[in-house]
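Chain IDs A, B, C, D and E follow the sequence of writing; residue 1 opens each chain.
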Amino acid sequence: MTDMTAIAPARIRLARISPGRVLGFVILALGAWVVVFPYIWMISSSLKPTDEVYDADFTIWPRTFAGVQNYWDVLVGQPYPTFLLNSLIVCGGILAAQLVTAIPAAYALAKLRFRGQTILLGTVVACLTIPINVTSIPLYLGVVKAGLLDTYLSMMLPFLVSVFAIFLFRQFFRAYPDSIIQAARVDGFSEIEIVLRLIVPAAVPAVAAFSVFSFVAHWNDLYWPLIVVQSQEKMTASLSMMQYRSEFDINYGRTFAAATVVTIPMLIVFLFARRAFIRGITMSGVKG
Amino acid sequence: QVEITCLTNAGHLSRQHEPLAQMFNEMQDEVRVTYAAPAQNYADTHLKLFRASATNTLPDCAFEAYNQLPSLARALAERGQIIDLGQFMETEGGDWVADNYSEQMLKLGQVDGTQYGMPFNASVIQWYVNADLLEQAGTSVEDFPTDWDGVLALAAKIDALGDDIEGISYAVDQWGDDWPFQVLIEQQGGAMLNDAGDAVAFDEDDRGLKAMEIARRIVEEGGYDPATDLETQTTAFTEGKLGIYANSPASAKLLQERVGGAFDLRSVKFTVWDDANGTLPTGGNAAIMLTQDEAKQKAVWEYFKFLTGPKGQEITAKNTGYLPTNKAALKDEYLGAYYAENPYFATPSSQYDRAGAWYGYPGTQSEKIWREQRSIIRAVMLGETTPEDGAAQLKTAAEDLMTR
Amino acid sequence: MARLTLTDIRKSYGGTEVLRGIDLTVADGEFLSLVGASGCGKSTLLRIISGLESPDAGKIALDGRDVGSATPKERGVAMVFQDYALYPHMSVAQNMAMPLIMARLPMYARLPGARWLTPNHRGTRSGVAAQVERVARQLRIDHLLDRRPAQLSGGQRQRVALGRALVRDPSLFLMDEPLSNLDAKLRVEVRREIVELHRASGLTFVYVTHDQTEAMTMSDRVALLRDGRLLQVAAPGTLYADPASVEVARFVGTPEISLLPAVAEPGGLRIGTVLAPCAHGLTSGRDVIVGLRPEALAPVGMPALQSPGGRGPRLRLELAVEAVEDLGAEVVIHARLRDFPDLAVRMRSQKTLERTGPVPLPDHLTAEAPLSALLMFDAEGQRLRDPAPVQMAGAQ
Amino acid sequence: MIGGAERLARRQRRLAFALVAPAVLLILVIYVIPMVLVVLTSFTDYSLVSNGFDWIGLENYRHMAEDEQFGNALRNTLVYALVFLPGAFFVPLFLAIAIQSQKRFRSVFEIVYFLPVTSTLTAMALVWSALMDSRQGILNNVLTSAGLPAINFLGSPDVVLYSLAGITLWSIIGFNMVLFLAGLTAIPSSLYDAAEIDGASHPVDRFFKVTWPMLAPTSVFVAVTSSITAFKLFDVVAILTQGKPAHASEVFLYLTFLEGFEYFNMGYSAALSVVFLGVIFLFALVQTLLADRTTHH
Amino acid sequence: MARLTLTDIRKSYGGTEVLRGIDLTVADGEFLSLVGASGCGKSTLLRIISGLESPDAGKIALDGRDVGSATPKERGVAMVFQDYALYPHMSVAQNMAMPLIMARLPMYARLPGARWLTPNHRGTRSGVAAQVERVARQLRIDHLLDRRPAQLSGGQRQRVALGRALVRDPSLFLMDEPLSNLDAKLRVEVRREIVELHRASGLTFVYVTHDQTEAMTMSDRVALLRDGRLLQVAAPGTLYADPASVEVARFVGTPEISLLPAVAEPGGLRIGTVLAPCAHGLTSGRDVIVGLRPEALAPVGMPALQSPGGRGPRLRLELAVEAVEDLGAEVVIHARLRDFPDLAVRMRSQKTLERTGPVPLPDHLTAEAPLSALLMFDAEGQRLRDPAPVQMAGAQ
């Protein structure tokens, strides 16, 4: 008896909130379907021969299975491992350089006082808005002048410093307690050791978040590689994907197999870095 | 061993150049051919070459579309960055040239009288036909009309077959440049520019206006829907939802692949107005030599000879459907027998003598002119602009920009 | 204006039982403090009372009416949170007006910007403003009404939080550690203000804290919670002088009560070598615990330190002094039994008014406590009351 | 004599210069110098094609006034932004709130919605163009089977900007959602308790009284970054429509690309870029100033 | 191991003078507390002593040696911060080892990973480890050495912070409100530990706090800072019983001292209607302030509440009771003078041990204080000592 009346209120409260929850869930699930459907379509198409890709009656599983052929073409028929390696080298190099340049600069901007600080910060913020499209020609001319065309360095050059990273890390470091830095000074840390031993380890969540950004962005970049990559040996994975596409000749199955193959590494990166990524975003307080 | 690097665009690289280069490299061992990272399309090739020219980082050879060749060649010639191929042809001596190339073909690679390019790919527009739909409309491929009125009437008939069936696709307003528009001018026996190449001539004898009138009729009578994009039209055709489809023979192989066995796919000679003088602009690209190094020049020439030779052209034609640029390639041992067996692929060769010039405008603004003109043509096709106004606008657009 | 009755309230999170059957009645107008160590379930109980949380079992009644299924709004409770939970984007006036706006305006008139579209509610709004003004004046924050919480000091924020709770004449006032974010000085001040508020309003208060001083100084009664059960509910003085168990005794009082293990003997209780000659009625040899409040012990022969009250027979202990804290008005001595260094005792003595300098103390001293001051617990910590532990005859 | 703390401070200054030096150097090389060159170029008639160039002063800027395509691109960009921004803002906001309240499937949804952010947009654009095909595309199949008229997603000048916005939205929603989720997590739960006690238990009240105002700083950040993204639209256009049909999808950055790389009018293209950056920078500035007003701590 | 001498230390931020000439000597081995309201400059002074901040003027000497130009490391000071400032990514052992590593290893051997490349420093490293181990044992945190700060409770973190400061045998121990992040119960505990540590180490401590209880219970001497100046530096008991000014008197002692305005008359001091018959030597009609500690007042005729010590002539006040706080061991009564409701007084009385229930009090009562307990201040708040304010004759 007592139990009955005691449990009732809980039920009532549950009932009160559940329609909203359920509706939310349904909408989320529908949205999720819309979001993943292109992937399903892409993977499905990557298994089909060209004449099936655009069939009016879409089937997820191909009538004629051409997956082996398509993926064979992509992975073995071309030096795909080279392309993949190029992408990794370029993205990894970019990321490393960005971290090495951004973390110290962001720390200085957040915690130290020096002349020109405000100007530098202003410049960083202003540069956030400059797309590569605008500066690509002067950069290209510079790359050629330096004799760097068709080198890994030229592929990384415009991205060696990320103003976004500087901005993000600065926000992050601003929240780092001053007292820890002072404690370190009292403990006898030299200033550079403060950066190396305290700031760098503290930046790990922000680094994780930023790494996902950076890696994904440059993995997927086509614009700059199209300009500076000259030889096939230096082609990146995403560039290689585009070579199945032309005005007269699109091999759809192979194109989508290539797209799948290019997309999957980033998915894996994200799946692994997701927690750190979201935590980093939360902690860096991009909110300003 | 001399190593040379060539630039081509992506679609061509995988289907044509890779097998050719591989074969060439295996055939001999003085020259080794590699390909640069491909451009995305003709326009991108053009851009890449200009960029490379400005910074002196040109590849050893490249494949440039005919219509853009003049502007490129002139600029590069001024900087001494492009090689006249005439000297190499001479050294071959004898009847070599005459045995292999027609005047008409060689002309495609000439700019201001200099042979800067060896024609590698050539294509003139042709009709692709869904024979099943024709049958349903009560006719057959064999009876395919030879005049525009007939083609449009047939298109209308097919269009009436069903809600989701379209009659004709001829995207005058959509292709990468103004190729389909040039078709409409040249099939009347006209030219885009005067002989000096410095003044607009497509309006002579009201050809511009007539071209616009056909364009409009294709919509009005043939049931073409300019609102659908190219991609969709191609798909509609390969899905059996479109009766008559105009496109380059370069797509023959691809279309065949995409159609599979879905319907009876045929190709038919393109319709011209002026059977005597009418030509069709030849699409495609020429191989150009850019290296300054003499050893490399020799090597490049060797490669060009192979590419544009009968074997190279045979392979190219079989892989794509392009019209072979080499006369000798039509011999039985190369393509002759093949064409006899595969009439679907033989249509280009039947239009061999129609192959006319593919114009580009003087100055640097061809791309912009084409873009403007496509908008104008689209407006005409949609009925937003009268053919008269459209024709006038086409001329103005060209004249305004070709001086720059 | 309400009597709160809780009957057998139970609550678990996941597998852990946080509340294991709470029975409690808070009289109309009473100030009840809920104290206990961190994590013992105080906030959970408060949230159950407020309606923010549902109990797994048990009944909650206000003035005898079961409110188990009522929302917080319907229960008419007001709550003040530890971090005040002021809306940072609203002015003080808006913060305080919130509960009234919610109660008096219909949904559509509460939407952003609706102020300008619903002139018919202007009357209600000005009524709200007047009420807010009145309460603000009462709390002396009427000059702050236009500020944002970020522009206020801790004490001012605290008052705004109180104001927000007050405006709507709640039936029940719930507070969850409302002073813990204030600094020591301010805490004392606001403490008095809350007591004053309670007196003036006559409302029923349930006040959660883990600070015993707060609980002792403010409340009519204190409920001591531990491991989801109520250990004792009593007036502060009772809790201090007459604790139901060792736990209660230890929780209340600073410095802590001294606890000495003892053995019952026929002649009294033996603590170490000392025999406290008190009657106890326990079987000989039984282990007990003797509790001794710090103020019960007084040094012998030290005129500088006043002796504690109470007469009658005394317990005398020999001590080794460990530390002396001079608090100004009094001195706290931490010491150990001379022969049993494991046994620590604390004593506090008021200083004579004439002393100004530090109190010099020997390393060793003798201290006495009246037997009447001894608290006796069994080995499990339960208070032994029945066999009167002290020689009552001699006392008073 | 110099104090110990002074010595510390001086060391810090020296270190600061050393720390920012690499970044400053690279910023100069990668952003500042090229930007200066771009600005200089905008005063010339430089083109890749011809040798040399002339200084022509403000001619390029004057030319914009009479360039129909300039106005068209500006209009297209604005229309696109107006379609894109609400979507890029409210959809993720809704998703974040909905996901926040889901206990069990939260991480699944997080992953799913974030997927597009990690994918090559250029690859996915191909997929979308297939899905959006006006005749055979799945989207139209769904529409027609639901009895609705088919939509010419990429071929109709009236629709194409919406379609592009749809694709870009798809790719960015997850990112903004994560930002909002971060913002939501930072709202102290005691505020919701307080709202509940105050009687604001209706979800609408909770949203307008607590969630929305507390999210203000996040909102401004999302709005700023999304606006910049909107103005920077390029890739999808380059891959899918190249400005077609009939200039209807020629957005600003694509126009600068056309002028620079297709028509080789580098000087004019540079001038367009300068204007573009001016506009986008103003926009960001205004929003950042707004941001200062909305932070309350 | 060090005597700290500050001479005329001054510091301004922007236009505001934060420190206006501080002269202070802390003896070797002394425990000095620096107290004062928030924002009065305590932290600034501490940071100047540590070398993190430079004074605008003034000298800092350790054992007579001027250290003004030395960095914190060179001064050999150790500092404990309010939020402990532990390195979050390092284990407890690493945290504690840091100052030693920094002092004993050369730069190249401190680089990340250098551990494996510099075997010649293995000896130093194991010496460091042993030292850390020793200190950790002393602080009873040796079982925590492998944990990260995030895995520790507040009190444990506090001890690690102490340990980090301790390991390297500093000459001077600086602490900036090290207890304010702990909860009430823990605070009392750690307080005792720090005192114990001070005693055991014999080091010089400078301890910043704004909590008077802390300052009073822990220190050898307390320095009271206000508006950048030292008001009084004295032993806790002296500060309480013999304050130099009203400000000091108010700052020290809970509940606060009662301050009553009075007028000097030939026969004594007139407070309201009452004349306190004490000799004063002041010109008649002069305004003074009389201070009365809460424990000096005792209710008359209430046997339940003990009377305060001290004999001699007494001051008798008629009071209206406002509130009573029962603290268990004692009762605090807040009241106002019956005829002058503007004048508030506080009194505290120890309870007799026999009382257990709440103390019933009438609305009105009469209370007495010995004249010897009166503190006299001039109208500006300065203590009036010279003309002895109380009838010393009658005292003791």
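Methods note: a contact is a pair of C-beta atoms (placed from the backbone, for glycine too) under 8 Å apart; a residue touches a chain by one contact, two chains touch by 3 or more.
Note that the structure is a prediction, hence the values are computed from the model and not measured.
The minimum number of touch steps linking subunit A to subunit B comes to 1. Taking CA atoms, the transformation carrying subunit C onto subunit E includes a rotation by 180°, reported to the nearest 5.
The pair of chains sharing the greatest count of C-beta contacts is A-D. For subunit C, the chain whose average C-alpha position is most distant is B.
Rounded to whole angstrom units, the spacing between the C-alpha centres of subunit C and subunit D is 55. In this assembly, the C-alpha centroid of subunit B lies 92 Å from the C-alpha centroid of subunit C. If you average the CA atoms of subunit A and of subunit D, the two centres end up 15 Å from each other. Here the CA centre of subunit A is 54 Å from the CA centre of subunit C. Residues of subunit E in contact with two or more other chains: 51-52, 71-72.
Residues of subunit B found to touch two or more other chains are 51, 54, 235, 239.
Subunit D has residues 8-9, 133, 136 in contact with two or more other chains. Against subunit D, in their complex, subunit B makes its touches with residues 43, 47, 50-51, 53-54, 71, 75, 78-79, 164, 173-174, 227-229, 231-232, 235-236, 239, 241, 364-365, 367-368, 371, 374-375, 378-379. Partner subunit C is touched in their complex by these residues of subunit D: 188, 190-191, 193-202, 204-205, 208-210, 212-214, 216, 296-297. Within the complex, the subunit B residues that touch subunit A are 5, 9-15, 34-38, 40-42, 44, 51, 54-57, 59, 176, 235, 238-239, 248, 250-251, 253-254, 257-260, 262, 320. Taken in their complex, subunit E has these residues touching subunit C: 37-38, 180, 183-185, 188, 192, 195-196, 210-213, 216-218, 235-242, 252-255, 293-296, 306, 308-310, 323, 325-330, 332, 334, 348, 350-359, 370, 372-373, 395-396. Those residues of subunit E that touch subunit D in the shared complex are 48, 51-55, 67-72, 74-75.
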